[in-house]
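Consider the two complexes below, in which chain A is the common component and chain B and chain C are the respective partners.
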Partner chain A sequence: MYTQALDLPGVQATDSAVTEAPCVGFDEKLAADIKIEPSDPMPDAYRKTLIRQISQHAHSEIVGMLPEGNWITRAPTLKRKAILLAKVQDEGGHGLYLYAAAETLGVSRDTMVAALLDGSAKYSSIFNYPTLSWADIGVIGWLVDGAAITNQVPLCRCSYGPYARAMVRVCKEESFHQRQGYDLLVAMMKGSAAQRAMVQEAVDRWWWPVLMMFGPHDQDSVHGATSMKWGIKRFSNDDLRQKFVDATVPQAEVLGVTLPDPDLKWNAERGHYDFGAIDWNEFWQVVKGNGPCNRERMAARIKAHEDGAWVREAARVHAEKKTARQAH
Partner chain B sequence: MTGFHDQWPQYEVFIKSRNGLEHKHFSSLHATDGQHALLLARDVYTRRQEGNSLWVVAASDVSQNGAEPAAGRSDTPRQFEVFLRLKPGLDHKHIGSVDACDAAAALRSAETAFGQYPAGSLWVLPSASVLTSEAEWSGPFFDAMADKTYRLPTFYQLPAAVNNM
Partner chain C sequence: MAEIDNKDLIEYLLRLGDSTLVLGQRLAEWCGHAPAIEEDIALTNTALDLIGQARQLLSYAGELEGSGRDEDALAFLRDELEFHNLTLTELEGGDFGRTVLRMLLFAAYQVVLWQVLLRSTDARLAAIAEKSLKESRYHLRYGADWIVRLGDGTEESHRRMQAALEYMWSFTAELFDRDEVEARLAGVVPSSDSLRSAWEGIVLPVLAAATLQVPTVAGYLSRGKYGIHSEALGPLLAEMQFLQRAYPGGNW
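So, the complex of A and B:
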């Protein structure tokens, strides 16, 4: 999964910092498409931008376990339960790959987790929507992970080595996520009229929030230009959104569902699908904490962290005692 | 709010893939000790049988050329494992070992033994501080991953028109 939160306001814009003293070899490496590695000199603003983006990406993976985790105990078959368990475990794994990549920039895991829990760091707005039916699990795999893949594949070529390598691993695993979702929906569409209606209802609810995952329109994007220049971002929000819509419309037709947009139609002149206006008011409301599940998600993360404190402490003390015993 | 600043020590993780010849640096994780780090490394980094051998080492034991070497000096030479990243963008790969009394000397010996790579990066770490999955587990440690074929994209046969998804 993925965050659109890279372009959010409320964090320091990086453009002003571009004027700082040049770092030896940095611009040359970017120009030659040579990866920047942790020990290389890099502008402070580049480091900060990456820490923000990678940590918020990691937070999104971790919070993203909650909406799907909601259905693990209620999966309709053992097969679907095993698949969903594996998928949610992957999301946790992706969060860990990304936290580790961010740590190479000199930020501690504790600091990142604290920023998530005190609300100063963002995570993807998509996870503030509820999972109301089993069809949501299929739609999340198909559309949410589909959008994530569209966003993430270019990040495999990101200029920062550890982030690029983490993203290669993430992308390898995302294909399973999207396919299991679509496979689940195909099975439901072969079922009863009620099951087909459940799929359509889930698609109706998720479609617009999924389009918002790509972030604000290019002209409203805060960090877009600098991130492009630094090779962190390779395509603009609107380009990625269009790519996703073009790929998804035929998949909806094969599945037999209607995407809830009367303005959605093929534009032969552009060679793309046109689609209707996105309700950005809804997007900003969710980003600001007023989405359907913002408070519930944060409360669940804080509770998990606090309930786990004694486990972390006990494991640490046990390891220290073991080391002390071996020393004798 | 309690428990924010209680992270466990950091370990670097190296994995040898099933057909690989050498251990490659994968990433890092936090664990209470080496044993714990091995278990976590399996679950975090080899959920799809990405490897059949794991090494973990405390991040504080890793020294890189051009940076402050890890502390610790012995009177007689001890063995250090050497990892090389040929150029930016690649992982550090295990290329052999050298004997030295401290990390700085090990880095110099490694450059003599394996050559200097201007765009490359060398890591050395004391062999004695490496924990390996071979020591305690062999097959069974990784076997549980083998029967979870539903983790692979090929498990799902979609309608032909969209099967390239």
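So, the complex of A and C:
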């Protein structure tokens, strides 16, 4: 369940970095829409941009397990519990093969994880919001995964082969998650008034943070233009956000919920929905670590890492003992 | 063969179904918190298998009962004293070592049990056993691999595993305790005491390879499968059952 993160602060890729290092065949491949593979020559800045983006994406999958994991033990039916377990497990799997895709660029998983834990690497800010009711699980599937899919489908055509191929699988699973999330909400909307209120309240809380998942407006985007040129990014943040809103409004109507934006209305002239102003102050606060759950999410990841240290160390020592025994 | 009483079979199915449900719930607590992503996925996957087994077993119990209780009514609307899970499954998870040790002890028990239930005269139970056996074999292999690594790893990991074994071991006696319910179900289900030697045949070599000492003290015989639990079950159920209790009759 990845999300924005594409345009967050980090390694700044500039056009000059592209031109400084000529790479045989790189531009020709990009022009011909041929995938760049791990052993192909590539500009250093292209490599760095991909490492930043893919590792942020992987971190997002792993941190994203926490808000949903919060409700696994409280799922209201065994079927929903099984669906949620399978979903969160899928996210762990996405994290794994995204780390693997990033490793093809010459960075180790340990290095990437260390960057997450010391706070130097980012992950999608949506996961810094809390899950406060069971309806949040449905809304995350419907809206958060829905936004992620809108972001990710174009990445299936990303110029870097291993990332593009990973995204094909991720997108298939995300589509499934989105349908399951919507189905959960449909069930609750058919239930009691209290359940319907729970769904509306969750939609009210998540709507704006979800719109922020597409990142800053195009004019404020740090990496947008270069990533477009390199075929890493195919559509701008604002285009993707508009596409998401246009697709989501009719789904909200079918569901019977109100999206919390008085300015949301169809604009026949543009052929799109207009929507209200996003609170970018909130977005940047969350990105900078001051969101509602940033500290808790990081503390949970650090605790898991530290609590697991003796296990990883034992596995390493045992493997060494085994090798030594075989050698004798 | 003598006619069996459905009440006995229901009781037996609850012992199996509640055990898988409660351990599934315990393993699910690990989601997002394991020592490595691979372990996170493996523990979550095991939880998923166990919840799946619980759904089949509880659904069958509900159908036999015939009073309209489905898997969810049984899972979410019974109280502590009506649960029949093995005490071993409800104990608080503790560290990763204790978690994988319990996986080994319980999966070995399940493998041995499913192998006998494959030949049960009850076709539905035999079918559940056949499907579950493959899953439990995987859990067993996973648990055994980790026990050996951690038992024969570092000084710290060995100490932790030995402590986990001291803690868990006394709860294994309950796995092999038999009562009149099983006796009346002869042919349909095995007698629990008949499973012990096969279980030991799996577990003891793993513990030996892990350089762990099997405790010799025979402790208190826990009685969770007869409905008398440890204090750990109540909070687990309170958390698990919260939504169904707070919003009765909801549509989920």
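FYI, the second predicted complex is superposed on the first by the 322 of 328 C-alpha atoms of A that agree within 3 Å, B and C clash if a C-alpha of one lies under 4 Å from a C-alpha of the other, contacts with A are read in each partner's own complex, and residues count from 1 in each chain.
Everything that follows uses one rule, which is that contacts are C-beta pairs under 8 Å (C-beta built on N, C-alpha and C of every residue); 3 or more make two chains touch, one makes a residue touch a chain.
Model, not experiment: these values are computed from the prediction.
Considered on the superposed chain A, chain B and chain C are sterically compatible, since they fit side by side. Once the two complexes are overlaid on the shared chain, A:300 sits against chain C while remaining clear of chain B.
With both structures placed on the common chain, the touch criterion links A:156 to neither chain B nor chain C. Contacts of A:179 after superposition: chain B is touched, whereas chain C is not reached. Once chain A of one complex is fitted onto chain A of the other, the partner contacts of A:35 are limited to chain B, with no touch recorded for chain C. By the touch criterion defined above, A:86 lies against chain B and chain C together after alignment on the C-alpha atoms of chain A.
By the touch criterion defined above, A:168 reaches neither chain B nor chain C. By the touch criterion defined above, A:23 lies against neither chain B nor chain C after alignment on the C-alpha atoms of chain A.
After the two structures are overlaid on chain A, the closest C-alpha atoms of chain B and chain C sit 5 Å apart. Within chain A, the residues touching chain B in one complex and chain C in the other are 79, 82, 86, 89, 93, 96, 305, 308-309, 312-313, 315, 318-319. Note for the complex: chain A touches chain B at residues 29, 34-37, 39-40, 79, 82-83, 86, 89-90, 93, 96-97, 100-101, 103, 108-110, 113-114, 117-118, 146, 161-162, 164-166, 173, 175-176, 178-180, 182-183, 186, 250-251, 254, 302, 305-306, 308-309, 312-313, 315-316, 318-319, 322-323.
Residue ranges on chain C touching chain A, taken from their complex, read 21, 25, 28-29, 31-41, 44-45, 47-48, 51-52, 54-55, 58, 71-72, 75-76, 95-97, 148-150, 152-154, 156-157, 160, 239-240, 242-244, 247, 249-252. Interface of chain A with chain C (complex): residues 62, 65-66, 69, 72-82, 85-86, 88-89, 92-93, 95-96, 99, 134, 184, 187-188, 190-192, 194-195, 300, 303-305, 307-315, 317-319, 321.
Contact residues on chain B toward chain A in their complex (touch as defined above): 1-8, 10, 27-30, 32-33, 36, 43-45, 47-48, 64, 66-67, 85, 87-89, 91, 121, 148, 150-153, 155-156, 158-159, 161-162, 165.
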